[in-house]
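Quick notes on the structure that follows.
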Amino acid sequence: MNAMPPPQPVLEVERLSTVFDLRAGTVRSVNDVSFSLKRGEILGIVGESGSGKSVTGLSVLGLIEPPGRIAAGSIRLEGRELTTLGDAEKRKLRGNAISMIFQDPMTTLNPVLSIGRQFFEVINAHRKVSYAAALDEAEAALVQVGIPAARERLSSYPHELSGGMRQRVCIAMSLINKPAVVIADEPTTALDVTIQAQILYMMQNLVRDSDVSLIWVTHDLSVVAGLCDRVAVMYAGRIVETGPVEDVLGNPRHPYTRGLLDSIPGDAEPGRLLRQVPGTQPSPLDLPQGCSFRPRCSQARDECRNELTSDQVGPDHFVRCLFKLGGD
Amino acid sequence: MIAFIIQRVFQGAAVVLAMSLIVFVGVYAIGDPVEILINPDADQQTREAVRQSLGLDKPLWMQYLYFVKSALHGDLGTSFVFNIPAIQLILQRLPATLELALTATVLAILLGIPLGLVSGLNDKRWYSRMIMAGSILGFSLPTFWVGLILILVFGVWLGWLPVYGRGDTVRFLGVEWSIFTLDGLRHIILPAFNLALFKIALFIRLTRAGVMEVVNQDYIRFANAMGIKKARLLWRHILKNIMIPIVTVIGIEFGSVVAFAVVTESIFNWPGMGKLIIESINHLDRPVIVAYLMVIVVMFVIINLLVDLLYAGLDPRVRLGSSNR
Amino acid sequence: SAAEDVVIGVRTEAASVDPHFSYVATSKAAVTNIFDTLIMRDKDLQLAPALATSWEHIGDGVWELKLREGVTWHDGEPFTAEDVLFTFERAPNVPNSPAPFGQFLSQISDAKAVDDHTIHITTRNPSPQVLFDLAEVPIISKHAGEGAATADYNDGKATIGTGPFKFVSWQPGGALKLARNDDYWAGPSEFENIEIVAMPNDASRVAALLSGDVDLIDAVPPESYETLENNDGVEIWKTPDVYTAYLHMDTDREVSPFITAKDGSEIKNPLLDPKVREALSLAINRQAIIDRLMNGLAQPAGQLAGPTMTGFNPDIEPGAYDPEKAKALLAEAGYEDGFKITLHGPNNRYVADAQIVQALAQMFERIGVATEVETMPANIFFPRGSNREFSIFFLAWGSAQGTAWHGLRGVLMTYDKEKGYGPSNRGRYSNPEVDRLTIESMSTFDVDEAARLSAEAAGVAFRDFAIIPMHYQMNVWASKDGFEYEPRQDQMTLAYGLSSQQ
Amino acid sequence: MSDLGLNSGASPKFTGPMRALGERSERLRNFLLEYAHSPIAVVGGGILVLLLLIAIFAPWIAPQNPYDLASLSILDARLPPGSESYNGYTHWLGTDGVGRDLLSAIMYGLRISLSVGVLSSLFALLIGMFVGLFAAYTGGRTENIIMRIVDLQMSFPAILIALILLAILGRGAEKTMIALIAVQWAYYARTVRASALVEREREYIEAARGQRLGHFRIVSRHLLPNCFAPLLVVLTVQVAHAITLEATLSFLGIGLPETQPSLGLLIANGYQYLLSGSYWISIFPGVALLITILSINLVGDRLRELLNPGMRR
Amino acid sequence: MLGEIDRTADKKAVQTAAPYVEIRNASRNFVQKMSPVEALLSRAGMNYSDRVVQAVSDVSLEIPRGTALGVVGESGCGKSTLGRMAAGLLSATNGEVVFDGERMDAGHAGMSARDMLRVQMVFQNPMASLNPRQKVVDIVTEAAVYHGLIRRRERQDFAAELLREVGLPPDVLNRLPHQFSGGQRQRIGIARALSVSPEFLICDEPVAALDVLIQAQIINLLLELKERRKLTLLFISHDLGVVRHICDEVVVMYLGRIVERASTADLFARPVHPYTQALFREIPRIRSGRRAYEPISGEIPSPLSPPTGCHFHPRCPCVMDKCSVDTPPLIPVGNGRVARCWLPSL
């Protein structure tokens, strides 16, 4: 059905499953996950810790290492299938066509190499440039992410920078080769609110000014609300609800999404008990049959034990639940 | 940094003082050197006279104070056995020991680190397991025993390599060296290997542990995510990080190589300090024992200082002098 | 045929090449390669002419020595009586000497040059002792040695001798390098260059010979004797040693530190009783020790002096082995239940010392004396022994001068600090008869008479089992095939003794 | 009480692969199972147990008491393996230079070597543990001084300290142990301090203080148990090290007494014979020593892997 | 039951007007001293000095009985240090902490250990705050047994009761901490604090490390406990939403100093200090939807060398000349609230 195709998505992930074969059993971290990303779009992925957000991101970059493996599914970047690429080809793409930012800015930079040197390494991995030229480029990139006295910073070492600075450096590095897609794995979780705000602000501008597409992984719904165009809610390795931010957050159709929203104290009446979801996430070693949220779901019924499909409930809004919550 | 160096010097001085006192008391406790040095024929008066001339008739504390006084003037005493200034005796032998220890250390680095890298990067492969098994073996073989076997196999049975001494030496920088002559090199192979064996095993494991730790670090993941090529990753990103702990250990172990040279030197008749100290203990040649320990302590202070400086050079996070780590 | 250059591995290194710095056998050996004495001892300890061609007592304790003519120092200067007088002056006065030469010149009250090649030596006691003493004192040159300190000898400045080899270099712990003296009065050595290396580790020394790195080694350990002997590429050279191994006993104190009853209670020192000492001697199977532990490289002994020495008493039988009689003697002495002793010994000093001590313990056990063994390095053993911390201990005595009275004076005479008697009498045996005979023997001019007196003294002491002689050690050298070495009783390893086999 | 998160009665789900029952034996079993995943470590452990049994029961299983000089005879000296002694006993591994049956000597030597190694390491562990914990918990100047001493001790080569100490103390098993303790304690002190420094900053220590527990209790119940794993790893390394060191000291002529030879001393005594063809006197004890240290190292290695994956020596 | 342990009955009777918990002008410095050699060299004119961090400076607070005070601020502003001083785990460099009429800061011999049990703490990191080698039953009963509040043989029942109270099934008594999820661990930590019947509970970011769903569970638990046990809370958090939900009054800190104090309702209705305003602006909110951020500029300065005058002045949008020179005092701005700012508009 390619009638009137909307702008071709830059990244398409289809039915991706990633597992880790451990001695204790198979950890199914990512289960049948599909999403796509348009040019210039910001997709938020939210979910509890351990819901498979990072593994999804790493899978897209082909960074899953044994005992992990991509068990099924396809990942297409600008139409090119990534899952079948060899190691060297994948390396060529990484940091070039697609790159990633990690959660902890304190540990993602190599402590013994200067910032400038690390920039050079990243640039040089994909383009042959002189060290001096790389530094010039790096300086420009640092200015772009709002680092003052950028030139001096290039000769600093990571430990001489604050957490916020380091995260900016990482962002600049991930963007330096003008990738089509950047995956940011909770890049602001470890930072203070004021710094987080600075970074979000900067990212918004960056995306607006270039046509890079961004996947923003977080567990903070309010960040998604403030930053993203679309959101995918993950639970136990599955995307349980996805759609435009306004729709999903304004009118959640999955009990889990609802639970997430209700748990945030911000808008509840102070002093009152919050509406809470009991229990904890299932172990990825033995996920429940059917809907994995079933054991914690107040709506659960026997039918929830059957395999579920993702149903469309609105424009671009999909829910993986038998009993969608009422559409307000 | 200056404060740091001064601090180290003070510490070194304190150790030297403590060490010399301990050795004085210790050697005194072992016995009277004259009884060993003298011709058994000698009559009692002669013995008395010798004791007097060597200053051994005085109470121990006086001997010690006298020693400290002359040590402050740069005189560590004269060997009872050789009547040569103890420090000269030791410095004469120092090159031989240093040469042996350095060769062993270089050998250990050249063999240990690459093997460690290989086994750390390909953790699960059969050859990594072989390397690890070999390293355990290297840990388990007592030095003296290996030395004898080496002599037996390569010296006596096969007759390939010489088993005693340094062979031909050449003068370089005012010191005799054997590593610069072919014959000297032939002579150093066995003892250096003997001494290095344990360290090779150690470096294999250190490197491997380092690699396995560094490889799991976020910054390596990030570098991977940025598409940096494997070889580059190894040389630039991994190696530099693992070198930091390894350099420290190399420094510290160099000291223990010098110390363990005692064993190797006496097996291979290597004319170094280690052999000297054994003989000096055998003869209760106190000035030499004290001077030897002092040289060792000074060497340690210097090595540690160098290691720390190097460490600071390698690891930008290190600030010298912050005594609370 | 052998090479021009020779490497010799020796067990103990020289302390100095200053010939008068320290009187220890190993230094003496090293120095003897370079310097000559007036009178020398040949390989069988007999006195022989060296720099002195003849000596004669011309009355009143004055000896006239004729010096060898035409001898030149290594630097070409002629050798004269002045050099001898200079030597006599310097030898006892080397600063810091741990084993001074004074004792060998103490007999000389005066020495003067009659002409360039004749000197007169006046002695304090009328005895031939001075001749033996002169054999110990290397003669140095006056012109090179004037004002020279030990250090000047060590670095070669003053090391100008008349001996068979010239000094080239020496490093403590390293090698002593020598070059042939082509003008040696007794004829030049066959070998151009000599290197003498200290190799204290027995196995390494043997390995070095086997691997061909050295040409001659001394102090062949008995363990390796057989192998070397069966090796076609190696020749063995051996001779009796001047060292006699013996057991020293506390024969003085009523209560001795390491002797108790078998139940651990204190008892009167049984070693005071000669019967007990004899019993212990009879318990020892000397031949077994020699055969099993020393590979046959020793002779059973019954006295301190060896058979070739002046003053050897041929009437004293080597100690017999008779455990039954030993038990009987113990019973007779009132110790039918035995007692308990700890036997001490060094473990790095004498041939197979630690093993011998254990073997002795085995043998004592068999006659009912419970024996513990404690061995220790010589550096601890000797000071403790001199402190009289032991009750019965194993050691050896070397009579390097080849005379019996030395041993008697050192080991068996009553300990007397003032007169200098019995300095090594660590068991404090005391017998006036032995003292008298020994003193007499030492001051007798006639050598034969002195020998007779010594032998008589020995007879008294050993009938008393003052000490328990064990065996005479053997000196063994091993060389590569194609060399010949002249083994010496006094243990010295001399490069001049080495020649190539025709 | 309202439902605060767990459906009462429903057993809670736990994350992580370790879902064992909390019993101690169960943990031990799990640990052993985990250990058993490395076959070579199992072999090493098996051999070590065997050696320990031999060492413990040596007096009952050894054909001869090699320490009893009365039962030895030099007439039996240096018999090759398999020969018969004159009282009819077969020496399967031959005899040494003074007539000891080597098989028995090795069993007894193993006993001595292991007990010297293990005991000295244990004592050193105790001392080092105490010093290190004290330093870490006290902090400040005291810690600084203690750690300087530890540094000094560590930077000074063990073998030299032992050499000089033994020259002073003389020979004997206890004295060797004292020397070995003296050279080893610092390793433990440093190890335990390193982990105590980390642990003491952890919140559970603060929590214990918040519960107003006494210092002694905090150190003994909270700090110590959490610093123990690396100590255990160091212990295995050090036991092997101590045995080697003892052997080396005995080789150098100090250390254990001649009449009660450890493996090291047996090797040392026998090595003179290596060149003379009586290889067995030195080779067999050498192999025994090698196997002992090897098996200890294998076990230690595995423990290190399990307890302390990131540790560096 | 648990309520039995009541050592304070008589003290309550003599209650005065004095506030229940009071922190008076408390400061806390962390000093890294020069080594002796460095000290010598610094005398000789070289550039060495002690490194001083003023983690908390001149903080005064009162917490009435039964209320909850929130402390908010960015990382490193001294929240935990303040909490630890209040818990008597850290001594104040200056000033004092008074609990129910008695001084109780660590290092001051005012209160006995047993009395100090009335003040307890809940920690941020649920894994690190439990001894990994202690079983649950030991964790929650150790102090009670140690201080003789219960007998050893009562442990099991006592522990089971506590666990029930915090919502854990009693069959977990013999498990080890690693066998629990983060939320469950935090419940254990709370049970431990409750085991000695505290009256004053200091919670140092107890939910920061938890997922939202779990966070809600723990918040509910704390609310319930506060109610049921009549607890007084000092609640430290960087999450304004959580603070708003739990606390009656809020203190905003910046670089060791209080910059604003007000009742929760007032503060959320109208933050006055520019820093507080910035904080409020920057918390992302779901309802507000997608929006353009206007972040406050600059980074938090290093506490080693804080800016002169008002610490906030380098980042302040309304900075005046005076701000960089003089430190503003805490100025009352009506309704019992105070703010540390020179702005006349306050």
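Each chain gets a letter, A, B, C, D and E, in the order it is written, and its residues are counted from 1.
In the analysis below, a contact is a pair of C-beta atoms (placed from the backbone, for glycine too) under 8 Å apart; a residue touches a chain by one contact, two chains touch by 3 or more.
Predicted model, so just to flag it, every value in this text is computed and none were measured.
Participant: In contact with chain C and with chain D at once: which chains are those? Just list them.
Facilitator: Chains touching both chain C and chain D: B.
Participant: Using the touch rule stated at the top, which two chains are linked by the largest number of C-beta contacts?
Facilitator: Maximum number of inter-chain contact pairs occurs for B-C.
Participant: Where centres are the averaged C-alpha coordinates, which chain has the largest centre distance to chain A?
Facilitator: Measuring from the centre of chain A, the most distant chain centre belongs to C.
Participant: Between chain A and chain B, tell me the centre distance in angstrom, where each centre is the average of that chain's C-alpha atoms.
Facilitator: Measuring from centre to centre gives 53 Å for this pair.
Participant: State, to the nearest whole Å, the distance from the C-alpha centre of chain B to the C-alpha centre of chain C.
Facilitator: 38
Participant: Just the number, please: Cα centre separation of chain A and chain C in whole Å.
Facilitator: Result: the chain centres lie 90 Å from each other.
Participant: For chain E, which residues are shared contacts with two or more other chains?
Facilitator: Answer for chain E, listing residues that touch two or more other chains: 181, 183-184, 217, 220, 224.
Participant: For chain A, which residues are shared contacts with two or more other chains?
Facilitator: Touching at least two other chains: 273, 276, 278, 280-281.
Participant: Quick one: which residues in chain C touch 2 or more of the other chains?
Facilitator: 203, 207, 210, 348, 377, 379-380
Participant: Under the touch definition given earlier, write down the residues of chain C that touch chain B in their complex.
Facilitator: 9, 13, 15-16, 18, 21-24, 95-100, 102-103, 150-151, 154, 171-175, 197-201, 203-205, 207-208, 210-214, 348, 377-380, 382-387, 397-398, 406, 410, 417, 419-421, 423-424
Participant: List the residues on chain B that touch chain D in their complex, please.
Facilitator: Those residues of chain B that touch chain D are 11, 15, 18, 23, 26, 29-30, 132-133, 136-137, 139-145, 148, 152, 156, 202, 205-206, 209-210, 213, 245, 249, 252, 255-256, 258-260, 262-263, 266, 277-278, 281, 289, 293, 296-297, 300, 304, 323.
Participant: In the complex of these two chains, what residues of chain D are touching chain E?
Facilitator: Against chain E, the touching part of chain D is residues 1-6, 8-9, 11-12, 14-16, 18-23, 202-204, 206-214, 217, 221-222, 225-226.
Participant: Given the complex with chain E, which residues does chain B contribute to the contact?
Facilitator: Within the complex, chain B touches chain E at residues 2-3, 6-7, 10, 321-324.
Participant: Give the list of chain D residues in touch with chain B in this complex.
Facilitator: 40, 144, 148, 152, 154-160, 163-165, 167-168, 240, 244, 247-248, 251-252, 264, 267-268, 271, 274-275, 282, 286, 289-290, 293-294, 297-298, 301, 310-313
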